[in-house]
Amino acid sequence: MALPAEFHEIAKRVNNWGRWGADDERGTLNLVTDGVVRAAAAEVRTGRRIPLALPLKEDGVQAGLIPGRINPLHTMVQINRELFGPGGVACSDDTVTMGLQAGTHWDALTHVSHSGRIYNGRPADTITAHGRAQFSGIDKAGPIVSRGILLDVARAKGVDRLPGGHAVTPEDLAEAEALTGTAVRAGDIVLVRTGQIALCLAGDRHGYAFPSPGLSIRTPEWFHARDVAAVANDTLTFEVFPPEIDDLWLPVHALHLVEMGMHQGQNWNLEELSTACAETSRYTFLLTAVPEPFVGAVGTPVAPAAIF
Amino acid sequence: MALPAEFHEIAKRVNNWGRWGADDERGTLNLVTDGVVRAAAAEVRTGRRIPLALPLKEDGVQAGLIPGRINPLHTMVQINRELFGPGGVACSDDTVTMGLQAGTHWDALTHVSHSGRIYNGRPADTITAHGRAQFSGIDKAGPIVSRGILLDVARAKGVDRLPGGHAVTPEDLAEAEALTGTAVRAGDIVLVRTGQIALCLAGDRHGYAFPSPGLSIRTPEWFHARDVAAVANDTLTFEVFPPEIDDLWLPVHALHLVEMGMHQGQNWNLEELSTACAETSRYTFLLTAVPEPFVGAVGTPVAPAAIF
Amino acid sequence: MALPAEFHEIAKRVNNWGRWGADDERGTLNLVTDGVVRAAAAEVRTGRRIPLALPLKEDGVQAGLIPGRINPLHTMVQINRELFGPGGVACSDDTVTMGLQAGTHWDALTHVSHSGRIYNGRPADTITAHGRAQFSGIDKAGPIVSRGILLDVARAKGVDRLPGGHAVTPEDLAEAEALTGTAVRAGDIVLVRTGQIALCLAGDRHGYAFPSPGLSIRTPEWFHARDVAAVANDTLTFEVFPPEIDDLWLPVHALHLVEMGMHQGQNWNLEELSTACAETSRYTFLLTAVPEPFVGAVGTPVAPAAIF
Amino acid sequence: MALPAEFHEIAKRVNNWGRWGADDERGTLNLVTDGVVRAAAAEVRTGRRIPLALPLKEDGVQAGLIPGRINPLHTMVQINRELFGPGGVACSDDTVTMGLQAGTHWDALTHVSHSGRIYNGRPADTITAHGRAQFSGIDKAGPIVSRGILLDVARAKGVDRLPGGHAVTPEDLAEAEALTGTAVRAGDIVLVRTGQIALCLAGDRHGYAFPSPGLSIRTPEWFHARDVAAVANDTLTFEVFPPEIDDLWLPVHALHLVEMGMHQGQNWNLEELSTACAETSRYTFLLTAVPEPFVGAVGTPVAPAAIF
């Protein structure tokens, strides 16, 4: 199906191709300048650290709906293996098989293409089975550290969880931004809380997956206007699902990853963070969310932490 | 083989069992207090970020010497799969199989046991095939963020790389500490550079593995005296190999992980960091090295970053 | 829970420990003598071959109920990779991750232990994470080829499928044996059809798994009396589930694998075979079901074929 | 690089596209008629079974030279896990990750393409990451059982092992055929012994891989003239390596798999078979080599057995 005109119009308005040069593979992460990082570090006032990753385990987020995206199969290959007979030092060792986007993760810019193109206008067929993503693999992102800001849309609306299928709009984001008492800035990593992950934490993986609240096709322009570096939220689908436009799946992915070159995070657990922000009335913090540098990968598990 | 008396004597002097309560599973990470983190954040002055992880790829660190510890087998399960026919949005997805300690990693406290015990005196047989590590799995560590300090032993000695088999002694550490112009403090994460990883970066995986410079059995007391939170270096074996005492493999592992409850990092790439520290004469920084929370795992890949 | 007296009494009657020597690791497969194989080959009269394996795919038998027993995750690592540029020969290659008992499989004798023992009285702790099964791993079985005989219990009872929870008794087996017009012989591999696999083929993996018809705790004596070499059927659980005796799970496994040293097969697709046997009134055939020789494995995928 | 004229000429002479219909996905396996199988079963005279598969283990055939083709990583996920507390029945379970062509295997017809085509003239791009091989995946082969005939080229030449780089010619095959005292027939599966696998069995995986004796580009016509169903041998590369024509890698693969639609086997252990054939002066037998039906796979592990 050809993409609708509405999509192409937004795409034109948010497009960043060439903005950081024809060779760029990092997109809006370029907005995290040294100055941004210095300011982010200055957000640390108490030293409290809040983890944002879900536990990685076989009984994890995935419900088998997405082929190949399997929960971690974690196996021991050695258990207290004695190196020189009984009584000495013994080793345990383990391995894992998992979908790189099975748990709390970053999408690489190459996770999605449209019209045969990936970010910066490169051909999508530069992704191959043996070569992986030749450009903009997750290993190109570098350490992701910046100021984080929580836009707690659920809390701003006074609910624990947005209803399934709720499209988070620019107006919703502005409402949540008002709650923070500050403003989203260039280079920020924006965390959008819907509360949906509570379903996953309660063991309802299917309910978590679908229907899901998530970002509206109208939000990329909001992020673009503010020169946000990256966006993450607490859903499986990231954007609202079912989609706003029939048969147009993942338009927000396509706008963020392909047009803007903006990394996205999914399955982030923002529950403890939400409570902490509300209790302290501080919604900004130092965010560390460094990708594992899988070469040419289109995604990676990440263990983000907010530091106050 | 029974452990020698020398080992048991050191063990007694560095033992932390019960220090943070009988229920503790985090060991010396308890030393990273909120205050330590605040001070660590204050180390950020320029905003420069230096990655310390090796790329994760099939042609990685492991040379097949350690059973089960395989380099990442990274495969695409979807490549530009069009969701609704030609012309629309298309997805790529990938999976990995790897040893959790194959690349740049943290050892969990349960990676090693001795005399049937793991950290805090628990029985080693609490690690099982189906239950993994019931206690002190890497998921118990929480976000690891603290002040990092580079002890550049190779640079202090004026060499690019310590010779294979060189045991890094407390005197070597003190010499490198002097180079920093400051002192190791409680809660610090100490990065010890031997230069050995240059062999790995040059493609000589066997030479990298063996013989290797690394920590002497005398260093755990040095770290213990300073209440260090964790130690990482740029070798495969962490401690000197071949070992200082015949047939006594991994005594430093046993002292750190079992007796002290101190996490260890291996295969950290400290080359760019070394240059940056020397150029700026600053050897301390904010270090973020957050473990992936694999439940009950005895190790985890990690993508550490130093922030100046 | 201690095993009930009933179990121990049957165990005593069917026990084969020592029968083929203290060193034996193959159990009743020893009953497949060269003479048995010659006679089995003489069963081939038409040359028709019927496959008995289910397709191996991610959307396979397993429904996630058994930890670690994942359906095959099959990924391409090369797709038409050109060796010397466009126009020449190109290669495709693939890998798999799977539970060894995820699909149509053999249980090795070591798949189950009881009272701390495996087949032939060896200690169960000879199975370790790093050493796998030191004795009676599936690689010790050798090529499994013999006369196959279909006991079509469902057909003998005039039903498509035995009801969930139906315990197949010795009387049921005798009834199905009568249908064949011949008798089970020493060295035979007996295939017991319940019809249950039709649920799996129809996509109902949960209904297939539970409740399930399967062998009664009374059948091992029947097989033992006839010196059967191996038994396979068309269920996930092999034996009736829920079990006949409360809280006594897998007694038939324990009797077959541990006491008798008899290999078992599960998830065998016997539907086409059933039709072929009924149409020709011939229920015996040459059966080839050669295990993949995974060293020290407690199970293996197998692709059995009946040859008429 | 364009394929040389010599290749195209041979291709034209051996091409089987359309021979079994435009829909065919099995190629020369169609030559194994019921009659061929009946005659093959009649080869069984003693009942002796000889396994032809190498053990599947982490320390296996692969030396890391072919990306993604990893030796089996076999891990236990349960070890004597007690179902209802101490004293009862306990289970062990395991998983594997491996290249489908890592050990003794069959190449599916789709393992190789050339000039954008696979067997029967279908487009090569019918192989995709998410769909695997849409046509002629190994699951389409069905049970492979036929008469096997050993062409023991090494023995015919009076050597233990052909020298590395020796191209096995049609003349060599005829010489080995003479040794058998019979003739290759339509529907036969031909096993060509070079003796090369002795290097692998002795632990020299690199020497085994390269240089290797193997089939000459002139042999496909010999097999084609005799309407052979499949060919397997005891090398990693199957065909001679380094290749006979500079920069023309895998021409025999392309001729067999793409042009003829003939399945190939590699890494078959023919040593015990060779001895048995020589001792009995019988070089024909019933061969069972049933593929594991991985859906859309381009190869599969197989555990072949020769039955005399």
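Just so it is clear, A, B, C and D label the chains in written order, and each chain counts residues from 1 on its own.
By definition in this document, a residue touches a chain if its C-beta (ideal position, glycine included) is under 8 Å from a C-beta of that chain, and two chains touch if they have at least 3 such contacts.
Worth saying up front: this structure is predicted, and the values here are computed from it rather than measured.
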Statement: Interface copy of B-D among A-C, A-D or C-D, with over half of contact pairs matching by residue number, is A-C
Statement: The pair out of B-C and A-C sharing more C-beta contacts is A-C
Task: Could you put a whole-Å number on the gap between the CA centroids of subunit A and subunit B?
output: 26
- prompt: Using the average of all C-alpha atoms in each chain as its centre, how far is it in Å between subunit A and subunit C?
  reply: 45
Residue numbers of subunit D (touch at least two other chains): 67-68, 70, 73, 75-79, 92, 95, 97, 128-130
Message: For the complex, give me every residue of subunit C touching subunit A.
response: 58, 64, 67-68, 70, 73, 75-79, 81, 92, 97, 128-130
Task: In the complex, go through subunit C and note every residue touching subunit D.
output: 1-3, 33-38, 41-42, 44-51, 53-57, 66-70, 72, 74-80, 83-85, 87-101, 110-115, 124-125, 127-129, 132-133, 139, 142-143, 145, 247-251, 253-254, 286, 288, 290-299, 301-305, 307
